[in-house]
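Provided herewith is a single structure, encoded as structure tokens, for subsequent inquiry.
Lettered A, B, C and D in written order, each chain numbered from 1.
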Amino acid sequence: MSVTLAQAQTIVRAALEHGTEQGFNPLTVAVLDTGGAVVALGRQDGSGYLRPDLATAKAWGILGMGITNRALAARAADSPEIYTSLVALAGGKLVSVPGGVFIRDADGTLLGAVGISGDASLNDEAAAVAGIAAAGLVAETGAED
Amino acid sequence: MSVTLAQAQTIVRAALEHGTEQGFNPLTVAVLDTGGAVVALGRQDGSGYLRPDLATAKAWGILGMGITNRALAARAADSPEIYTSLVALAGGKLVSVPGGVFIRDADGTLLGAVGISGDASLNDEAAAVAGIAAAGLVAETGAED
Amino acid sequence: MSVTLAQAQTIVRAALEHGTEQGFNPLTVAVLDTGGAVVALGRQDGSGYLRPDLATAKAWGILGMGITNRALAARAADSPEIYTSLVALAGGKLVSVPGGVFIRDADGTLLGAVGISGDASLNDEAAAVAGIAAAGLVAETGAED
Amino acid sequence: MSVTLAQAQTIVRAALEHGTEQGFNPLTVAVLDTGGAVVALGRQDGSGYLRPDLATAKAWGILGMGITNRALAARAADSPEIYTSLVALAGGKLVSVPGGVFIRDADGTLLGAVGISGDASLNDEAAAVAGIAAAGLVAETGAED
């Protein structure tokens, strides 16, 4: 079971609205299913042409490893060597900074992930969380409460 | 000047609605700006995970060469060798079958391209044309009138 | 919802047993989930080292496009150019000969695909069908009844 | 002479059982022959889609260099530059953290290697050692006794 197109479009729209309301830089939002394929993507006017790849990478890497960006960052801090190998294995599609957020349903079932790029990492992440909430789903960022 | 996010989202939504109304297989729609970067993408539930790449390729190749899918097909028929080189140079992101459509404004200015994959090529193309019309823009397929 | 490890291991074991019983060449069997990631793989002694990639490709390509090997073959016959682009987009992980078979449950829900390489294509396919049946699941090859 | 499919399947099964008994995260186990090709692979439900590549990389890198993960780590500490080249040459399929373990017979003859990913590196390694022992073979991790 993965995020539907309708849910993904809601996430994209609400995440971009959050960015606009907060005065963020132009954002790119990608919503991926559990297998790592894009379901919906939106790039705001003025968001650079590498942003779709970067937004996708933020979501792809956490889905591929099954751990959050923050856990990836901890792994990179513990062992820079394995992080180098991971990035190479992933063809660059793995990022340790915030902005990739797991999407779960109310029961905790994994439905996919959102990746956002364009502003500061924590702002990207906040937009993703807002988008997921707007779709009535549950965000997992790996941040301490 | 390129297609805006708002226009691109309208194209994605209307193209997918056209496919649903016509009973097409699940479609994937990608809208690219004049630089070949994705502005918006939507993949209907049940559309395979290679479809985003294929939809993107249909638009990317015509933008990169500045000629329609049909002109690419004529080129391939005239000279299979150059077509082989083109596909390799493009990393596969160039397709000669219908389903990649230029987006122009009323004055004929190029704004980007739409690529669609999922059903028969002419159906994919018809959905792209419907999407572009819904955004109040002009489609160029290369088909004879 | 995708094939479980237990189901995938049953498919691998039963497919290889079928090959041995029928006197096929050594086979390699790969079972992929709906997102195209390997769940289980087994390579019989004497099966060459490219066989894991080829077996995986047979399953990956049909899942990525959502159509059977035979439908891919028909597409290639209709338009060799698009087939060339598809193989390039897939990084070679797309094959039009038999030996990649969809796995469905009794309700028709897609659970993944099996790819087999090592003997004649129709024998590879027969082993995949035998493996899927042994797991109590439903095989879809695209062959006419 | 390399690990047989029967031995490799025993290693996969016993390694995964070890992980389950110990309460590890879901694991992916890959068993490679002396030429670096996969003989058997199993991915537990919930183990991410990048794990097959990472498990394979842990075994592939030590076989390719003929030294253990720990010797690779020492090499990386001594000379980060050569390690960077190694990872690039290997396309990422070389990892210096524990979890790749050589398989030898009672006489010390090299038969292949096991790679495991999913939990802490030392837990991955312990599961590999358990799997190799269950097949009546000898594990070499490079750890001090």
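The working rule: a residue touches a chain if its C-beta (ideal position, glycine included) is under 8 Å from a C-beta of that chain, and two chains touch if they have at least 3 such contacts.
Just so you know, these numbers come straight off a predicted model, no measurement behind them.
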Request  = Write the angle of the rotation needed to overlay chain B on chain C, where the fit uses Cα atoms and the result is rounded to the nearest 5°.
outcome  = 85
Query = Could you state the distance in Å from the CA-based centre of chain A to that of chain C?
reply = 31
Between chain D and chain C, distance of the C-alpha-averaged centres to the nearest whole Å = 26
Task = Express in whole angstrom the distance between the two chain centres, defined as the mean CA positions of chain B and chain D.
result = 44
Key: Interface hub residues of chain A, defined as touching at least two other chains   = 33, 35-37
Remark   = Among line, ring, star, complete and other, the chain contact graph is other
Inquiry  = Give the list of chain B residues in touch with chain A in this complex.
reply    = 4-5, 8-9, 16, 33, 35-45, 49, 52
Query = Can you list the residues on chain C that touch chain B in the complex?
reply = 35-36, 61, 63-67, 79, 81-82, 84-90, 94
Request  = Report the residues of chain C in contact with chain A in the complex, numbered from low to high.
outcome  = 1, 33-37
Note = Residue positions on chain B within touch of chain C in the complex are 25-26, 46-51, 53-54, 57, 73, 76, 83-84, 87-88, 91-97, 121
